[in-house]
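Presented sequentially are two complexes of subunit A, the first with subunit B as partner and the second with subunit C.
After this line comes the complex of A and B, so read on.
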């Protein structure tokens, strides 16, 4: 049975943050898991949420399936959100119920291996209304380097106070 | 937009708030531009899908289908 071991938790302070960076990630686990609960100030029914591995700005691709309360749509990384970051960890946007935060989790198996890295994201941007986003994402980072740092970013906005991210290591035993 | 980031050193457990470097600010601006393109594409696709749905429903109504019958087609 796998064990889930908390590595570190971040809560954004009153000034907000452009990014949340986990650095010096220990290479002693098999997989990584990040639990996110975030909000940004994008004036929309949902916010932004992307990740980068090792600060790299190339090699990301993926497929997104999302519902927004009225329809279900798919999108591709290469065609819709670019290849310089990976879609994951979306926050709740500013045009939503006050004080609501998204919830989701990013799973990164075999992060220390010497082959391309896959990841998945499952989450929802909360909103007490008919329009809110629920999504799942599967993606790949075409890079063979072990993942030693992870950046959670909201490209044109700011992570709002009380947004949180917790990094876990997954062990097989 | 804020110009600070939160850095967690998982080896030491230390958390610091750091001012972005000029390179990081430039990257952030590039990211914002990329997001704007993505957002515009997404909104355009959603608007096109909604318009197509509305058009299809109008054509079905013109053929004599009731609102309940049209709704049943999408379940």
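After this line comes the complex of A and C, so read on.
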């Protein structure tokens, strides 16, 4: 029996998209895994990448550790990151090398369980320049509801064409 | 096009009551996969913020393990090194004293576990919501194929509801 099952793939078309959405997530798996590769139009050394569960705009927190090629930095959830959505890794942005997209994965264990929902992100936003990004993120959505939908967003920006994300379900039985 | 099945659950253990020993063992591991992945979700029990989740392979209690940790904790990036250990530090493990509804996650990758030629390496991620996020690499200095492994939480008991699953990963 296959135990890592592709549930859905979203690839952004021409014109871009404000969000990448997975809805109606089946409640028949143990964990969820999202393989993500994105680029947005933020004019910076890297782009953005945030996650929202069930459309909720409360209860998020996270911790980030990243290197940019010259220094190692940490950050914790604050402002919108800590309330309206959670960090889910930086994509590449408008100022990074053309045709370059981020590469990362989000692991969400026990997404249908009765505890608060945690997740981790590992990824990179490569850039043929002095500064790029490699990072790990640990996050939490302080809500006991089963996760039935996931939104990947880049606030005030747009996911660029060819950004893509695939949602997998993982069974432990 | 459907993807091939490359991630197969070998065994799982979900605690229905508190586990006083803090020890989870997977034995008779099939030698038919390329890599192993362990996903541990749960919480230990003390009033502190977190303890450790440790691994031993094939019952080896000798000082044959080492690891390097890269972490964010309390807003600071740091690294630490453990060498000549009698266990492999996999990740930190959240304690229930943190908050009753919080659970930590450990994802441990064991590469090329069935070969009988090289020492065994691990790559693991720990996520302790609200406390810490970390990346660890580990080494077991043995050429033996891994046929069993023991996970030990040093803050005990492990609370009921915790789940430990061993997956096998097959190369294409």
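Here is the rule we go by: the second predicted complex is superposed on the first by the 165 of 173 C-alpha atoms of A that agree within 3 Å, B and C clash if a C-alpha of one lies under 4 Å from a C-alpha of the other, contacts with A are read in each partner's own complex, and residues count from 1 in each chain.
Just so we're on the same page, a residue touches a chain if its C-beta (ideal position, glycine included) is under 8 Å from a C-beta of that chain, and two chains touch if they have at least 3 such contacts.
Predicted model, so just to flag it, every value in this text is computed and none were measured.
Visitor: Using the touch definition from the top, say if A:17 reaches subunit B (first), subunit C (second), both or neither.
Guide: first
Visitor: Quick one: is A:119 in contact with subunit B, with subunit C, with both, or with neither? Answer first, second, both or neither.
Guide: second
Visitor: Tell me which partner A:127 touches in the superposition: subunit B (first), subunit C (second), both or neither.
Guide: neither
Visitor: In the overlay, answer first, second, both or neither for which of subunit B and subunit C A:84 touches.
Guide: Once the two structures are laid over each other on A, A:84 reaches subunit B alone.
Visitor: Using the superposition on chain A described above, determine whether A:109 touches subunit B (first), subunit C (second), both, or neither.
Guide: second
Visitor: Now for A:73: first (subunit B), second (subunit C), both, or neither, which partner does it touch?
Guide: both
Visitor: Examine A:37 and indicate which partner it touches, taking first as subunit B and second as subunit C; both and neither are also allowed.
Guide: neither
Visitor: Now for A:45: first (subunit B), second (subunit C), both, or neither, which partner does it touch?
Guide: Touch status of A:45: no partner.
Visitor: Looking at the overlay, what does A:153 touch: subunit B (first), subunit C (second), both, or neither?
Guide: A:153 contacts subunit B only, not subunit C.
Visitor: Using the superposition described at the top, list the residues of subunit A that contact subunit B and also contact subunit C.
Guide: 73
Visitor: Which residues of subunit B touch subunit A in their complex?
Guide: Touching subunit A from subunit B are residues 1-13, 15, 17, 20, 24, 27-28, 30-32, 34-39, 41-42, 45-46, 49-50, 53.
Visitor: Show me the residue ranges of subunit C that touch subunit A in the complex, using the header's touch definition.
Guide: Interface residues on the subunit C side: 2-9, 12, 39, 41, 70-72, 75-77, 99, 101-105, 107, 125-135, 161, 163, 165, 167.
Visitor: Please give the residue numbers of subunit A that touch subunit C in the complex, ascending.
Guide: 1-4, 6, 30-31, 61, 63-65, 72-74, 76, 107, 109-110, 115-116, 118-120, 122, 136-140, 142, 144, 170-173
Visitor: Under the definition above, what is the set of subunit A residues touching subunit B in their complex?
Guide: Touching subunit B: residues 7-8, 10, 12-13, 15-26, 44, 48, 50, 57, 68, 70-71, 73, 75, 80-82, 84-85, 153, 155-158, 167 of subunit A.
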